[in-house]
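Below are structures written as C-alpha cells.
Both complexes below contain chain A, partnered by chain B and then by chain C.
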Partner chain A sequence: MSLNPATLARVQFAFTVSFHIIFPTMSIGLAMFLAVIEGLWLKTKDGLYLEIYRFWQSIFAMGFGVGVVTGIVLSFEFGLGFAKFAQLAGPAIGPMIALEVLTSFFLEAGFLGIMLFGMHRVGPKLHFFATCMVALGTLLSASWILSANSWMQTPDGVAVRNGRLVVVNWWHVLNNPSWLVRLPHMLSAAYLTASFFVAGVGAWYLLQGKHLAFAKKSVALGTAFATVLIAGQVFIGDILYGTMLKHQPSKMQAAEGFWEKESASPAPYYWVILPDQKEQRNRFALGVPYLGSIWLTHSLHGRVEGLKNTPAEQQPIMGMVFYGFRIMYGTAILMFAVATASLWLRWKRRLFTTRWFLRCLVAMTPSGIIATLGGWYLAETGRQPWVIFGMLRTIDAVSPVLAQTLLATLIAFVCIYAFFMTAFLIFVARVIRRGPESASIHAEASGSLKNALRPQVLDRANANAAVGR
Partner chain B sequence: MLKNLSLTFAKILGFLVPSLVGMAFFFAIIGVFGLGFAVAGLLVAVIGAVVLVRRVPAEGDAR
Partner chain C sequence: MDMPLLCAGFAALSVTFYVLLDGFDLGVGALLLLQPHEKSRDHMVDSITPTWDGNETWLIMTGVTLLAAFPTAYGILMPALYIPIIVMLLSLGLRGVSFEFRSQMKFYRRRWDVIFAVGSIVAACMQGLILGALLQGVSVQGITFSGSVLDCIRPFPALCALCVLAGYVVLGGCWLQFKATAQLHGFSGRTLRIALPLFMVSFFAVGGMSLFVQPGILAAWQGHPVLLGTLSCIVLLAAFILFGSIGKRPDVRPLIAGLVMIAAGIGGLAILVFPTIVPFRISIWDASSSRLSQIFLLTGAIVVTPVVLGYSFFAYWVFRGKTPEKGWDGYE
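What follows is the complex of A and B.
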C-alpha cells in the first residue's frame, strides 16, 4: 500500500487540531466562569464561591497549559504539511496569528501568574482584575483565530497578483462575511462546555451524597448558565446556517444529506444516511418526514437543495460533513432539552433531588466538547476540497515532503498527545475525586506551581494533621 | 385506584408540558415561524430563564 502525502498531511492536521480544540474550548469557558464566580464572591463574600473558584482554577490551569502546548504545534504544521498554503496565505493569515500572540498571549502571560498563585499576594480586587484579563485574553485569542479560520471559509479583502496573494483591504480580511457570526457561535460553545462540565461534576457529587453545598451551587450555576446560553446558541446557529448557505452552499448541501438538485416535497430531515459519493446517491437514509421542510425551508412543503448543485470535483465528502453536523446539532438539541428540564425542575424545586435528571447531567458533562468537535468537523470537512474556499485547493497546498516523514511525525504526535490526554484525565479525575475542600485548603497552603499541580502533597499533609503529627 | 391514576396523570403532564413548551421555543428560535418570532422567542426564553433562576431558589436535598 503506497502512502499519500496529501492524505497523511490532512490526517495529521485533523488529529492535532481535534486534540487541541478540546483544551481552548474548556479554558475559554472556564476562564469566563472563573471571572463570574470571583465577581460573585467579591459581591456576596460567600465563601462557597471561593471554594468553587479554587476547585475549577486548578482544572483550568492544567487545561490552559495543554492547550497552549498543542496550539503551538499547529503553527509549525502549516510549514510541515501545508507549506504552499503558508506561502500563499501568509500575507493574510500571518499578521492575524502574530496579533493573537501580541494581544492575547501577552495579556494571559502577564496575568496568569497572578490569577493562579497571587490570591494571598495581591488584594482581592487586583486578583479579580487578573482573572478578568485572563478571560479577556482567551476571548481575544478566539477572536483572532476565528477571524483567520473564517477568512479561509469566506475569503475577502485580497487579490491575486502575479501568482501572489495581496491584501487590498485589511478590514475586509478581518471582518470577512462569516467572522461576526462564527465568533459568537464558538464563544457560546465554549461557555456551554464549561456550564455542562460544572453542572455535571456537581450532579456527580449530589448522586454520591458528597460536598452537598458545593454540588448544589455548581448544579444551580451550571444549569442557569446553560439555559441562557443554549437559547442564544440555537439562535446564532440558525443565523450561521443562513450565512454559510449563502457563502458556502456546497457545505450545507452536504450537511443535509440530499443529492438531487431539489429534494422531494415535503423533505424529510435525515438523521442517518449511507452516502455513495461515486454514484451521487444515498444507499440508505432514515429521517423524520416533513421535518426537513419545516426546519430548513420554514414551510410544510419546501424543497431542499442537494449536493448535485455543486460540480462533482468541487464537492466535499458528504458523509463527514453530514455526521459532523448531526453530532453538533443532535447534541445541541439534547442540551436544549436538559436546559428546559432544569428550568421545569427548578420551578418545581426538585432540581437537586431528581436522580434521573442528575444522571442526565453527569452524562452531559462532555457534551460541549462533543458538539464543538462535531461543529469543527462540519466547518473543516465542509470547506473541502478547498483550503481557502474558492481560491486554493487542499491538494495544491500540501508541502513537498516525503510520506514517510509525515507518517513518522504523525505517529510521534499520537504518542505524545496520548500521554498529554492521559495525564490531563488522571489529573482531572484526581481533583474531582478529592473534592473541593481539598482544593481550598491546598490553595491556601500552596504558593508554588509544583504544589499547585500536586494535590497528593496536601493529602499527606492532611493525613499527618489528622493523626496529630 | 383514583389516587394512582391521578399520580400517573400528573407524571405524564410533568413530562408533556415542559417537552411541548421546550419544543415550541426551539422551533420558534430556529426561525420556523419567521425572524420576528425567533427574536421574540429568544428574548422570552432568556429573560424567562433569568427571572426564574433569580426568583426561584433551587432548593431540596439529594436523596
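What follows is the complex of A and C.
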C-alpha cells in the first residue's frame, strides 16, 4: 500500500466518523425512549417503567460518554486532515456546527448531570424535564449536523468570490435541497436502532426465562415502536431516493450497480456484483430478474441508468456505494419482516412465547447500527470524488501533513477506539447479565421545583429512608 | 460594526471559560495520581462528575468558533498543531470514558483511575504545548501552514506545558478546597502549597523566555507596558491571596483567587497576540469568514449564550455545597 496523505487522511476520517456515528445514533434513540418511559412512569406510577428507565439509563450514559469524546475529535479533524476544506467551507458549515454546540451540546451537557445524578436533588418532575431536555438536545444536534452534511451533499445559498466562499442566503444554506428529507430519515434510523435494542434485550431475557415482567414490557414496546417506525422509514427512504436521484445522479447510478448508460430491459435487481472501475463493467453480477425494473422504474420493463452517464473522473467507486446501499436496504427488509411478524404474533397473542421469533429479535439487536452505517457509507462514498458536491474535490482538500504522521495517528486512533469499544461492550454485557433489578431505584414520585432549590429537605428524607431500609 | 472583532471576542470568551472550568476538572484528574485512598479518589471524581461534560463543551465551542469565523486561521493552525491536538483529543477521550467506566466497573477501578489521571495530565500538557507553539509562532505561506508538525516539540513549548499543568493542578486544588471535606480538604491544601509556587515560577519563566523566542512579544510589551504590567501584578496578588487562604474559611476564597489569577493570565496572553489570530502572522480581519457567516454566528451566540450560562449555572447550583462523601446517589 502506498503512503498517500490523501488516502490516509480519508481513511482516518472515515474510521473516526464511522466509530462516532454508532454512539450518537444510540443516544438519539435511547434519549427519546427514556423520555417516553419516564413520562409513562410519571403518568402511571408503575415501578416497572422506572426499572426500565434505570436499566437503559446506565447504557445510555456510557454510550453518550463515548459519543462525546469521539465527537470532540471530529470538530477538530475538519482542519487536521482537510485544511483546505475547512478554509473553503468554514463560512457555511462552521456557523451551523457552532450553533449545534450552542443550542444542543450545552443543553445536553447541562441537563445530563441532573438526569444521571440528580434524581435525589431535584425530584421526579424536574428530573423528567431534564430527560426531555437531553432528548431535545440530541434532536437539535441531529438537525444541525444533518443540515451541515446535507449542504456538502447538495450545496446551496453560497457564491465563490476571489477563491473564498461567501454565504449569500442563509436560509438556502440551512434548508438545502436534501436536508428536510435526510433529517427524518436519520432520526427514524436512530429511533429504530433503540427500538431493536430494547426488543432484543427483552427477547433475550424471555428466552432465558428471567426478569419476565421487564422482558415482556420491553418486547412489547420495542416491537411496537419498530413497527410504526419501519413503515414510515420505507416511505421516507423512497422520497430520499428520488431527491438524491435528482441532485446526485452519480450516487444512485453507482448504488444500483449498472454501468451502461441504460440497463437491459427488464432490469434485474442486483444483490452481489464484482465491479471493475477501470474497465467500467461488472466482472460478475447476481440479481433478481425483473425486480430492478419494478422497484426502480415502477414498471415491468423499465431501464435503469448506469454509472457511465457520469464522466469517469467524476464517478464514485461503485463497490463501496453499492454495498453500503445493499447493507442498509437488506437490513431494512429484515426489519420490515420482523415488524410484520410481530404484528401477526401480537394479534395471535403469541408475541412472548414464540421462541424462533424471540431468537430473531436477539439477532436483530444491532440491526439499527448496521443499517445506519450502511446508509452513511452510501451517502459519503457516493458523494466522492467530491467533498463538497460539485465544488471541491476531496483530493484538493487535504492538509499539508506528512503521510507518516497521518499513519501514526491513524494507528493510535484504531488502538484507542478498539479499547473504547471493548470496554463499552464488556460494560453492556455486564449490565445485561446483572439484570434490571440491580439497577438502583431512586426517589419516589413526589418532587417539585421547590425541593430542587432546597436539596437539604430531600437529603433528610433520603437519610430517613436509608435508616428505614 | 466590526464583526471580526466581536467574533474574536467570543472566541476569547469561550477559550477562557474552557480553561477556567475544564482547568479544575483536569487538575482534579491529575491529582488522582497522588491520592492513595480509594474512598478519597471516589470523592474527588464525584465532585466533578455532574458538570465535566459541560466544561469540556467549551473546547468544542472554541474550535468551532474558529472554523466558523476565521476558517483561514483554523486551516493553518490545525495542521500546525497536529500532534499536540490529536494527543490531547485521545487523552481527553481516555479520560472521558474512564469517568463513566470507573463508576460502573468497581473491579478495575484502580486501573481506570490511573488512566483517568494520566489522561488528564497528558491533556493538560498538550494544551500547554499548543500555547507554547502559538506563542513561538507558526510558519505560514499564503494561507497554508508551511512548517513541520514537529515544530512544537521544543524547549519553550515544553516549559509552557509544565506551566499549564501546574496551573490546572492549582485550580484542581482550589476546587477541592471548595467542595471537599475532612481528609481530602487537608490533602488539597498540601498540594496547593507545592503546586502554587511551582506554577508561579514556571509562569514567570515562560514570560521571560517568551521575550527571546518571539520578537512580537517584546513588541507587545513595548506597546502596552502598563496594561501587561498591571495584569502581571494581578496574577501575583491573586497568588498571594490564594496562598494565604489555603485551609481557611470561607473555603470558596482560594477558588476565586485561583480563577482570577488564571483569568488575568489569559487576559495578558490575549493582549500579547492581539490583533492577530494566527499569532504574530495573520490578523483577525485577514482571516475572517464571510460577513453573513459571522453575523449568523454572533446572533446565535448573543441569543443562546446567556441561556447556556443560565442552565450551566443551574446545573452547578443543583450540585452545590460539599460533595457528599457517599456520592450523589447516596448509595455505595
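Note that in this section the second predicted complex is superposed on the first by the 437 of 469 C-alpha atoms of A that agree within 3 Å, B and C clash if a C-alpha of one lies under 4 Å from a C-alpha of the other, contacts with A are read in each partner's own complex, and residues count from 1 in each chain.
Convention: a residue touches a chain if its C-beta (ideal position, glycine included) is under 8 Å from a C-beta of that chain, and two chains touch if they have at least 3 such contacts.
As the structure is a prediction and not an experimental result, all values here were calculated from the model.
Taken together in the superposed arrangement on chain A, chain B and chain C fit without clashing. Contact comparison for chain A: of chain B and chain C, C touches the greater number of residues.
Within the superposed three-chain model, A:Phe106 lies in touch with chain C and out of touch with chain B [touch as defined at top].
After overlaying the two complexes on the shared chain, residue contacts for A:Leu343 are found with chain B alone; chain C is out of touch.
In the overlay built on the shared chain, the residue A:Gln280 is in contact with neither chain B nor chain C.
With the two structures overlaid on their shared chain A, chain B and chain C come no closer than 31 Å at the level of C-alpha atoms.
Taken in their complex, chain A has these residues touching chain B: 206-207, 209, 212, 215-216, 219-220, 224, 227-228, 231-232, 234-235, 237-238, 294-295, 298, 333, 336-337, 339-341, 343-353, 355, 358. The touching residues of chain A, when paired with chain C in their complex, are 58, 61-62, 65-66, 68-73, 75-76, 78-80, 83-84, 86-95, 97-103, 105-114, 116-118, 120-122, 164-168, 170, 399-402, 405, 409, 412-413, 416, 420, 423-424, 426-427, 430-431, 440, 442, 452, 455, 459, 462, 466. Taken together, the chain B residues at the contact with chain A in this complex read 14, 17-19, 21-22, 25-27, 29-34, 38-39, 42, 45-46, 48-50, 52-53, 56, 58-63. Within the complex, the chain C residues that touch chain A are 49-51, 53-54, 56-57, 59-61, 63-65, 67-72, 74-79, 82-83, 85-86, 89-90, 92-97, 99-101, 104-105, 143-146, 149, 289-290, 292-293, 296-297, 300-301, 304-305, 308, 311-312, 314-315, 318-321, 324, 328-331.
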